[in-house]
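Below: a set of structures, written as structure tokens.
Both of the next two complexes hold chain A, though its partner changes from chain B to chain C.
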Partner chain A sequence: MIQKKDDSLTKTRLNRRPEFGPIWYIMPAIIVLVVINFYPLIRAINLSLYNYNLLKPNRIDFIGIKNFVEVIFNPIAWGALKTTAIFTFGGTIIEIIFGLLLALLFNREFWGKGLVRSLIILPMILSPVAVGLVWRIFYDADAGMVNYFFSLIGLPVRAWLGNITTALPALIATDVWQWTSFCFLVLLAALEGMPIEPYEAAKIDGASVFQSFKFITFPLIKPILVIIFALRMIDSIKMFDLVFIMTNGGPGRATETMNFLIYQTGFRFFHIGKASSQAIILTIIVTVVSLLLLRKFIRMRGAES
Partner chain B sequence: MYFLFPIIWTIITSLKNEVDAFSMPPKFFFKPTFENYRTVFTKYPFVKYIYNSVVVGISSTLISMMFGVPAAYAFSRFKIKKGDDLAFFILSTRIAPPTLVILPFFLLFSQINLLDTKFALTIVYLTFNLSFVVWIMKQFFDEIPKELDEAAMVDGCSRFQSFWKIVLPLSKSGLSATAILCLITSWNEFLFALVLTGNNAKTLPIAITSFIQFTGTRWGELCAAATVMIIPLIIFGFIIQRRLVSGMTFGAIK
Partner chain C sequence: MKKYFILTIILMLIFAVSSTNLFAAGNKYDGVEINCIMEPHPTTTALIQLVPEFEEATGMKVNLEEVPYEHLPNKILLNFTSKSSDYDVMHDDWLFHAYGYVKAGYLEPLDNYIEDSSLNQGLDIADFPATLINNMKVDGKLYGLPLYSDSTFVMYRKDLFEKYGIGVPTTMSELEEAAKALTMDTDNDGKIDMQGITLRAKRGIHMTWTWSNFFIAFGGEYFDEDLKPIINNENGVKGTEYYVNLVQKYGPEGATNYGWEENRIAFEQGRAAMTIDASVNAGFAEDPEKSTIAGKVGYTMIPKEKVYGINLSLHSLYISKFSENKEAAFEFIKWATSKETQLKALTIAPIPTSTSISTWKSPDYVQKYSVFMDAHFDSVENGNLKYVPKLAETMEITDTISTYISEAIAGNKTVQQALDEANEAVYKIMEDAGYYD
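What follows is the complex of A and B.
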């Protein structure tokens, strides 16, 4: 009988309208988010339809999609796209490979593991500006650390950031320095969560280390690899600080990524309309890339469950 | 190790005087001096820049948390119509390149005369901080069983009270990790600060670039400034190291 009483009590309590409905919890955040995100989006689209140039504020004409057409036929834009592709793709692949190798290496108990873990996150959380500055000094032709160490071990010495062929790889190297730790940490966590049994079974069956990696480890971490790849690609496309600090897009246009080109167009040449259209194109590209990559992941997740 | 070397080098170089900093081959044994730090703080209004970074970082984090945490709670506990769409919308703010939003914001703020203010910067930082908070905190709230809320409500708490007194204290570690990650992101942010600030609201990342002058880069001072800038980050890093991966992958990987 007492139980019945409790039940009816529960019913009344939970059925009563809550003080603050879910709407109140979310509304403020959603309002802010929508305003802050939609407003610029709409305005950007709007801007891209005009030939708005801040230096000629009296000549704002509606030119429809002319900006977009211009971008598509502009070799400079394609060059920037190519640079972006090399930077993001090259950097991400290298970071994942290094991260994976390091994770495999460190996937065992040893003294100081916790310390290594806490130290290795440092590059990731440092300001890209600071990282860019320090590495810019490192790459200095006369007094930079890179040339110093290279001269010690007999590798060629040159002006890394001033040379058209080496500028982009130098940037990639800095990006790799900063973000390999990220891939390393994630992959290490993934490796640590893996079951031991398959490995033991494989060992009994006489599989080599390489074979057990190829057939056990790799398939299991594939979904994680996809996620890391997607995340790093997305973040690399957005990269700005390094280019600005280290090379300013140069020498020539060697390190001009799409993101940087947008900045140049908008804030150095003040072609706001053109820059907006470039930005929109870039956004579309990023969205497509992320949807492609992450959809695979969602499908994988779905397949597992 | 390879990864730590540049950091250590920066700190060491900040303690060298000008001559030693430039010398090749690099001097590993030298007399340390705090001269660079003294110059950095006296020649430039460096304290003001630190102050700006701190204020913008803290306020944008606070606002994001105030708005984002309740929203995350609602996403976690209630079934919301079009919840998935909303969630995707929030995620999309991470994907979009900042250059897309910066042009409209620049125009807007210059038109209403808010350029070069910490206020403007704070608002713009909400674009990424707010969605980050909502996304991450929702994951944390998901880990706290709903039954706890309901048990509290059976005992007489209103929904809000069960949120405030039960769920929040339990998610303290998540809250602090999220807040610190917001702080770090705001602290390091460069593009928005570059475009939207002048001398008044300049934040540290911009201030650092001023050490590259036409008369040649002053390495010692630059390293001193850089060290000042990264010390809080190092401290923060140690505090949140466990939650860091989860935060940076937006919760995709725990």
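What follows is the complex of A and C.
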């Protein structure tokens, strides 16, 4: 008798057969998305198997995976990946730390909170090209604001974008300036949505501010941190405008990121085949990294519930 | 009867209206519309203003589309690879891009139109500098008409040279001495605030433009007779070392990120005593509204070392092979580069880079540009278009070389090392492109 299933229970949401009717209504949207996303991808894979150069339309030969092999054994591509990694991780981690500090600071009521919050998100809504142009002027060795203010407060003054050691950090600083506000917004929303009870209990127990952060706040926002990390990482890996506008990949190869290398190969040197293979490799890397991160996030959420 | 009377009147009116059109000049192109993709440049600005006259005279409609220089080759190539007839006329750099288009079979040769007496009214090939025309002949056929061409020269601060008793440099070593002498601390605060010379050293096309003057002047060459790269031979290294030396020791700290604008502005704001750059800069330097040094600038040719290394740029108008209005397109490019149009353009925008010899001699040109005219003409006469290799892969080759030199300037490598590595990289590019099969 215990074995027999109750009919009413079998008709739970999990067991109910899916209806196919609604699919037809969203089919047009699906078709458009598939075409827009998959067709270029298939075409890119196709292009990457040829030695196609736009300036040599009569010399298009099928070379299979030769382009991919070349990228894997190319020290310049590895250098670009390394530069991309430094920019991505360096920028993202700094942005999250600053964003978190700002969010903790703002997680209280004070006069003008709304106004300040609106102003802080301004950098985020600016076009990356405009940001690149303005910051290029800021970093100018003779007339730039950065050097001017640094000289006033006694910090070292130099040609930030023209120096092979400071060029990449300078780009990271600009990226941090623009995107810290994104981390700040998301983290502030997370903090504001937290229950007060654990904090009150901790206060009664005599916990310090730092302790309540470490044992209450941090574990609760960990999933959010992971997601922001993943989002910023995916965005940073694709960064192009800052390099293109501010340094053109230089000095030397100091700011040559993978995305810039792809652009240069495909649109300056017109090796469309080679550029496609580089782009596919970058896509694979981004996909793998984001899947790893998001799996961790999903597992974390699952552990909670 | 009244009905027929009105009908007759109407028919007569129609006849009268259409017959006036028959007598209008050049209605041969009525209803024809051509699209031109142009660089953003003072010459284009002038053409946009002058083109209504041309449209009225010929009856055709001309659309001039300016595309930022970075995206120009992409858009043009996209047009070509799809064999589209969207654009009829292209405006682009001959050495870096258009030569590649010719080799790929994308441009229409102009010789038939030049020899066609129904089309060549008003065309005067002799009015263009011969160097430029000859360079645009591939396999005996001419592919473009020149629109503007810079030379490169030395611009120096006459007032500073006088104040510190420095003579105008006539050799490379004198140039270096002058740069050294004028790198100084003028307000005695312990920091050097005047540089001897400012030069472009930003990786890519900017460095290529400046560095190649010295590379060629010291006898450097890109390839030997078998098309194998020899940029790292003795002359090439000497020329590059000279350039790197100037940038490192006497150039502004930010020079490694100086493109055309930054370099021009650095000189105009008085931060350096000399600069070597395109002749178009002179027009800006002499503008009293924008430059702090107007009237204080002297101009002279880049000194000869083994040979003259004076870059001439060449930007011309070309006709697309896939255009459906090639004759109309030819009429347009003929008009746009004609001596009359180039002369009129002077009144609209600063164009010292005109390619019409008669315009150079005109009173208007002399009045506007007399200050640097002589230096410019001397440079044009001794200048050359050899500063980058004449190959479809020239962009890739010169960009790659500039990356290695950029590392040498940063001190990461010696110039010899940098050029050795660059040479290897260029060899690989040529090999991949199939030149050594």
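The working rule: the second predicted complex is superposed on the first by the 282 of 305 C-alpha atoms of A that agree within 3 Å, B and C clash if a C-alpha of one lies under 4 Å from a C-alpha of the other, contacts with A are read in each partner's own complex, and residues count from 1 in each chain.
In the analysis below, a residue touches a chain if its C-beta (ideal position, glycine included) is under 8 Å from a C-beta of that chain, and two chains touch if they have at least 3 such contacts.
A quick note: this is a predicted structure, and the numbers were derived from the prediction, not measured.
S.K.: For A:142, decide between first (touching chain B), second (touching chain C), both and neither.
M.R.: It touches chain B and chain C both.
S.K.: May I ask you to name which of chain B and chain C touches more residues of chain A?
M.R.: Result: the larger residue contact count on chain A belongs to B.
S.K.: Touching A:286 in the superposition: chain B (first), chain C (second), both, neither?
M.R.: A:286 contacts chain B only, not chain C.
S.K.: After lining up the shared chain so the two structures overlap, which partner does A:253 touch, if you call chain B first and chain C second: first, second, both or neither?
M.R.: Touch status of A:253: second partner only.
S.K.: Now for A:267: first (chain B), second (chain C), both, or neither, which partner does it touch?
M.R.: So A:267 meets both chain B and chain C here.
S.K.: Using the superposition on chain A described above, determine whether A:211 touches chain B (first), chain C (second), both, or neither.
M.R.: In the superposed model, A:211 contacts neither chain B nor chain C.
S.K.: Now for A:44: first (chain B), second (chain C), both, or neither, which partner does it touch?
M.R.: first
S.K.: Determine, under the contact definition given at the top, whether A:158 touches first (chain B), second (chain C), both, or neither.
M.R.: In the superposition, A:158 touches chain C alone.
S.K.: For chain A, which residues belong to both interfaces, chain B and chain C?
M.R.: 142-143, 267
S.K.: Taking the complex as given, what residues does chain C use to touch chain A?
M.R.: Chain C residues touching chain A: 73-74, 77, 81, 100-101, 103-105, 201-204, 252-259, 262, 266, 269, 271, 392-393, 395-396, 399, 403-404, 406-407, 409-412, 432-434.
S.K.: Where on chain A is chain B touching in the complex?
M.R.: Going by the criterion above, the answer is residues 9-10, 13-14, 18-20, 22, 24-26, 28-30, 32-33, 36-37, 39-41, 43-44, 47, 117-131, 133-135, 137-138, 142-143, 145, 148, 177, 180-182, 185-186, 189-190, 224, 227-228, 231, 234, 237-238, 240-241, 244-245, 259, 262-263, 266-267, 272, 275-276, 279-280, 282-283, 286-287, 290.
S.K.: Under the definition above, what is the set of chain B residues touching chain A in their complex?
M.R.: Residues 1-4, 6-7, 9-10, 22-26, 67-68, 70-71, 73-75, 77-78, 80, 86, 89-90, 92-108, 123-124, 126-127, 130-131, 134, 150, 153-154, 156, 158-160, 184, 187-188, 190-191, 194-195, 204-205, 208-209, 211-212, 217, 219, 222-223, 226, 229-230, 233-234, 236-238, 241, 244-245, 248-250, 252-254 of chain B touch chain A in their complex.
S.K.: Can you list the residues on chain A that touch chain C in the complex?
M.R.: Touching chain C from chain A are residues 51, 53-59, 140-143, 158-159, 161-164, 167, 246-254, 264, 267-271.
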